[in-house]
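Okay, so chain A shows up in both of these, paired with chain B first and chain C after.
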Partner chain A sequence: MKLIQAERDTLLKPLQMVTGIVERRHTLPILSNVLIERKDDKISFVATDLEIQIATYAEDGDTVSEGYAVTVAAKKLQDILRALPDKTQVTLETDESRLHAKAGKSRFHLQTLPAEDFPKFPVGSEPQAKITVKQKELKHLLSMVQYAMAQQDIRYYLNGLLLLTEDNDIKVVATDGHRLAFALMKLEAPQEKREVILPRKVVLELARLLNDTDESVTVEILQNQVRFSFSSVVLVTKVVDGKFPDYNRVIPAGYQKHFDINRQLLLQTLQRASILSNEKFRGVRLILTTDNLRIVCNNSEQEEAEEELELHYDGEALDIGFNISYLLDVLNHLSGETVRCAFGDANSSALITIPGNDDFKYVVMPMRI
Partner chain B sequence: MDAQGLDKNRIDERLPGYRRIAHLDMDAFYASVELLRYPELCGLPVVIGGSGDWQPEIHKDGSWHFSRLRNYAGRGVVTTATYEARVFGVFSGMGLMKAAQLTPDAILLPADFRAYRHYSRLFKAAVAEITPQIEDHGIDEIYIDLCGLTDDTLTLARRIKQAVRESTGLSCSIGVTPNKLLSKICSDLEKPDGLTILDPEDIPNRIWPLPVRKISGIGPKATQKLAALGITTIADLARAETAFLQTHFGSSYGHWLHEAAHGIDDRPVVTESEPKSLSRETTFERDLHPRHDRHILSKILTGLCTDVANDLQRKGYASRTISIKLRYDDFRTISRNITLSSPTADAVAVRRAAEECLRRVSLKQKLRLLGVRASTLSAANTLRNSSMSHQGELPLAE
Partner chain C sequence: MAIGATQGVIMPLRALLEKCLMNAIKLLPDLLISQIAAGEVVERPASALKEMLENSVDAGAADITVQLVQGGIKLIRVMDNGTGISKEDIPLALARHATSKISTLEDLQQVVSLGFRGEALASIAAVSRLTLASRRAEQKHAWKVQAESGRLSPPEPVALASGTTVEMHDLYFNTPARRKFLKTEATEFSYCEETFKRIALSRPDIGFTLQHNGTVRRHLRAADPRSRIAAVLGDEFSQTSVLIDEQAADLRLWGSAALPAYSRASRDAQYFFVNGRFVRDKLITHALREAYRDVLHLDRYPAFVLFLEMKAESVDANVHPTKIEVRFRDPRALHQFVFHAIDKALATGQPASRGSVLATGDQEHKPNDRGNTDMAINEKAGAEFSGYPRQGVMSLKSYISPEPPAAAQPQAFYSALFGVEDDGLKSAQTVLDIHTAGTRAKEPEVPPLGFALGQLRGIYILSQNDRGLLIVDMHAAHERLLYEKLKSALDNHTLAMQPLLIPATFYADSLDIVTAEENSDSLSELGFEISTFSPTMLVVRSVPVALKNADVVKLARDVLSDIREFGASQALTSRRNELLSTMACHGAVRANRMLTIPEMNALLREMEVTERAGQCNHGRPTWFEISLADLDKMFMRGK
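Let's look at the complex of A and B:
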């Protein structure tokens, strides 16, 4: 039975949208498959890892058969399509147990598994909150904090991102216990207070899928789920069950010692110094005296990098150590021209902000060197 | 008081494989330490246990006011008791309320582990002056390898007892035999202030009449099982066929039972022992419900984790495996553990791991005991090689 005939990209583009979450090795073989389904006039592609479910549609294409549904190895089909020349006409056909992809003189015969076995999960219908923003805004908001998420931490709730709606704000927070990033975005309409933890994987996937455009994305907070609808994609994720720590208590207020500095300048200086930082500890010493910042890195071979920056600083002298990666991370992900670095003492956290802007805060704990 | 073995001073070192191993056990250690502090309690039944609430109070005239066991209410257990209290049937591990029924007038003192550790160090140091061949076996027990010392056994044993008395003011009991197994049995034969020297040929006379539970390694369960098989004394055990024992107890334990009954034990005295694990546990004042008493439990868990972390730091270890132990109100006991990616001695990390373990147990039933254990120990200085050791932690937790 002939399923569809279309130009390569008509199939490849939607397929690539959903395959990002497909796990290569999974105990359930069908989870490596993509569900290709025709209903009404649309061809949908669905993938899931049981936590996240993502669906999208083929834009057009000459669909020639009645309703059908089949599942086939997602990565294999994607690799085949990608390896075909651009603009090639591709035909997909099925019989009892196989899917045949034909293009020119190429023939591929893939195993299928029954669509009935594909574990689509039920999606809640009553949104507790619904927000629509521009895709580029959400993409930007996530990018401000996602690098601070924990990875495989046993505090499982840190392996994700806190998304919080309150009044006219949408706030996001990520922390790995050593540093914490907070960002907020103003909304037009006030929102009810809602709080969910998005799994790490979803955040990384959204960062990949969201466009840098004015097109909208709708975020719906459902019972234990969040649904993101944008472009032709509908992504539903289960939320992380757990209590995210109270981020407010670790954001310091009233730090007196601070300086403003050009972000690019500080970033480049730290990048140079990091060449000779210890590969394992990644330590950097910041030595702050009146109008001067000295940056020192040592590695295990006793090699040393030293940088000096002139700036305006009239606070007490300070000698404080950090993991340089944590500083590079934040400087890399901000876009403004100037950053403000504020300190307590050598044992307390540092606060990095954008002068004149309360929408972003980055707290990083020092490191004894 | 000295042993029947006074003249049995003929363990002959010239014979190959002949060893002289001593087991030294302090007499009613905790209680005796308390009596040093409160000499007026000498000769009275004294029970140690419970919490600090039962601390003696000092009167204006300088005399002490002690709590009586009859006034005790709670679920603490007897840590130890003086011999005067043991006469009434009080033993370590017994509930304090139960002990109060047996001897309501006994004096109740809270345990003071700091003091006990202090005296423990004192007596071990005193013995170490005589020979460094010492194996630590808890706070109040040591094994001493006397091989290689020239003096005869009786002289040595008396000298050791003397050294312990001079350094601490406390008495101890010593058993000297060719191995640890027999010595441990013998140190208990003439308590308190005992000295027992035993040759292999004395085994039938002195060891075999004893009940099997006197052998360290035969616990209550094995004792019960043996009794069911008609074996109550060590003599019964010695007569039993190895094959018979192995059928009922498995091949290695069966074999060991046979050897133990015949006084065979080749274990060396291990002078440099590394602990395998460090743990802390507590029985609650009342059974606690995982949900309704969440805050209390959370506080207790934090306390235990902090104690374990402090123990690790004090002893210079870091742990990679953290376990929790739960005892439900029906005495069902379970444990769960988690292995960390890098060793830690940090209270927050221990607490976090313990919490993770708790997520894997059913928390519907009331609990009576909670414990935290740190194992897979490594020396703490290896910590410095692990990546995050100097990285500060955000104060995310309460």
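Let's look at the complex of A and C:
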């Protein structure tokens, strides 16, 4: 039975959208498959890892046959399509147990699994909150904090990102227990207070899928689920069940010692110094005196890097150590011209913000070297 | 019928209960007391044998013969040529709480003999038919008594050379319940043999013979410790072990510890003696295990014969009925000492057999004639003992002196062997140093691991030194070099602490909480900051930077339980080392990487100066040596 005939990209684009979440190794074979389903003139592609489900559509003008549904190995089909020359016409056909992809003189026969076994999970209907923003705004918001998420931490709720709606704000928070990033965005309409933790994988996937355009994305918070709808994609994820740490208590206020500095300048200086930081500890010392910042790194071979920066600083002298990776992370992901670094004492956390802007805060613990 | 059956069960129970309730408190008969005591002390023939052998050793015997029949169940006969017991004292020897070994509480606290409770013979006599025959040198003939179920026969004359012979017939003949717990003859014999080995190891200066069912199973001549260890545990053990002699303050640890290559699948070859007494101590075992951790595969067990010597008053042997457990006054210091001594020895470790210094040395170990020492119940003994010199590490001269009936450590003999014979024992220099120094001085040109000849299939480096051929596993060796480098780089680094932005809290029991509070200083030395959060919760506020991505709570629990049990924790170091080991493994040269001769030589030179270069991170050996003699043998040259 002929499923579809289309140009390569018509199939490849939606396939690439959904395969990001497909795990390569799975105990359940059907999870490495993509569900291809046709209803009327829409062909939908669905992939899932039982936590996240992504669906997208391909438009197809001609109505070749009646509806169908089949599942096939997602990565393999994607690799085949990608390896075909551009603009090739591809035909997909099925018989009982196989899917045949034909393009020019190439023939591929892939094994299929029954579509009714595909574990699509039910999506709740009643949204508790619904926000519509521009795609590029959401993408930017996530990129400000997502690098601070924990990775495989035993406190599973840290392996994700807190998404929070309150009044006119949408806030995102990520932390790995050593540093915390916070960002917020203003909305037009006031919202009810809602709090969910998005899994790490979803955040990374959204960062990949969202476009830098003014097109809108709709975020719906459902019972234990969150649905993102944008372009032709619908992504549904279960939320992480857990209590995220109270970020308000972690973000310090009223620090008197601070300086403003050009972000690029500080970033480049730290990058240079980091070459000679200990590859295990990644320690760096910041030594602040009046109008002067000295940056010192050394490694286990007793090699040392020393940098000096002139800046405006009139607070008390301070000698404080950090994990240099945590500083590089935040400087790399900000976009503004200037950053402000504020300190308490050598043992309390440091706060990095953008001067004149309360929408971003980054808190990092010092390291006692 | 059903009712009758139920009553049948209930009646005796009720009767028993009534009996218990009605009976007044009364003193137990003497025999029963002894039998209860025997239940703890005499668990099986081997434990009776242990008590009898210890008596002979305490009596200053130079030669001890053990005869067993049916695994010791039918008969255990221990014959020694020690001081013997006078006729008057013989009945006392079999009485409970009668001993010649101590007489006051002070003696007990500083006890140097193996026994001191005065219970052993009485206990054995309570559960068997015991015959004791003994003759002091000055007596014309020996006297013997027989005891059955606690009743003594009057002493009668018997022919015997000077010394004591104790015979134990029919163990548990009067307590059939106990008899049922005995295993087969072969099993009981193997327990007896193990006991025999322990005592024999602890006193190489005494000759031992073991016979079973009329055949001689083991015959150990009085010898120097090294030969004794070889005779008991086999040549392989002594050839693949390093000698240890470490001293710190009042502690001294010496003996042999097998290199990881001679590890065992079970704990069978672990002999640890505290002041000459075999013990199985949790603290010691842990310290040794930690010391071996870096070089030994996880499910292998180290083999060792080690002697720990300390002031008699800093160890309490009166803890366990069979004295297999002891209690130390300063467990933390002891743990550290044992750990570092073994760690150091293994780090530099080369098998002792590769040197010649270890030849038996001047044979100072002639069996001492201590015939006039008194083992038995002698009223004067107490006075003698209190005058006995007590130093932390007892000078060997005092042991050689004929008087004290001590559970003497075989120190003289070890000292002779270890080249620290003058009584000072001041020099804590290890034999290894002497040994390597000696070898180096002789052949300055050829380094121990020789010069590389080439590479075998991209896996092994072939090298020759003055003894023959060396085969080096390139990856394993390089891995160890990198690992040691990473470790020492981190060790030299001051410990960096990463305070947590979001502290980790966890539920802890009150023991853990007290441990955390009491040890906050040593915890912060480890890079940990743990404080009390609530009466049932602890909170971790900082972790060592190297482990910042580890499971903080689990790490904290491990560290706390280690500190509680052993006073110190290696848990962090070992976790860190695991990480480093993986890093090293990935960084090391892989098989099939072609090396040039200068590269290979550089690797060999580096191995020579690196600690623990004999084993890879997983405890496998990194090199083997095939001597010219071995090669000659293969080719039948010179035959």
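Operating definition for what follows: the second predicted complex is superposed on the first by the 366 of 369 C-alpha atoms of A that agree within 3 Å, B and C clash if a C-alpha of one lies under 4 Å from a C-alpha of the other, contacts with A are read in each partner's own complex, and residues count from 1 in each chain.
Just so we're on the same page, contacts are C-beta pairs under 8 Å (C-beta built on N, C-alpha and C of every residue); 3 or more make two chains touch, one makes a residue touch a chain.
A quick note: this is a predicted structure, and the numbers were derived from the prediction, not measured.
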| item | value |
| --- | --- |
| Combined model on chain A where chain B meets chain C, clash or fit | clash |
| First, second, both or neither for A:84, with chain B first and chain C second | neither |
| Partner chain in contact with A:368 - chain B first, chain C second, else both or neither | both |
| Which of chain B and chain C A:281 touches, first, second, both or neither | both |
| Which superposed partner A:300 touches (first chain B, second chain C, both, neither) | second |
| Single chain B stretch clashing with chain C - from 75-83, 327-335 or 345-353 | 345-353 |
| Those residues of chain A which chain B touches in one complex and chain C touches in the other | 154-155, 175, 177-180, 245, 250, 280-281, 283, 321, 323, 347, 349, 363, 365-369 |
| Partner chain A, residues of chain C touching it in the complex | 489-490, 492-494, 496-502, 504, 542, 545-546, 548-549, 551-554 |
| Contacting residues of chain A [partner chain C, same complex] | 153-155, 158, 175, 177-180, 245, 250, 278, 280-281, 283, 300-301, 321, 323, 347, 349, 363-369 |
| Interfacial residue positions of chain A with respect to chain B in the complex | 154-155, 175, 177-180, 245-246, 249-250, 280-281, 283, 321, 323, 347, 349, 363, 365-369 |
| Chain A partner contacts - residues on chain B that touch it in the complex | 338, 340, 352-353, 356, 387-388, 390-397 |
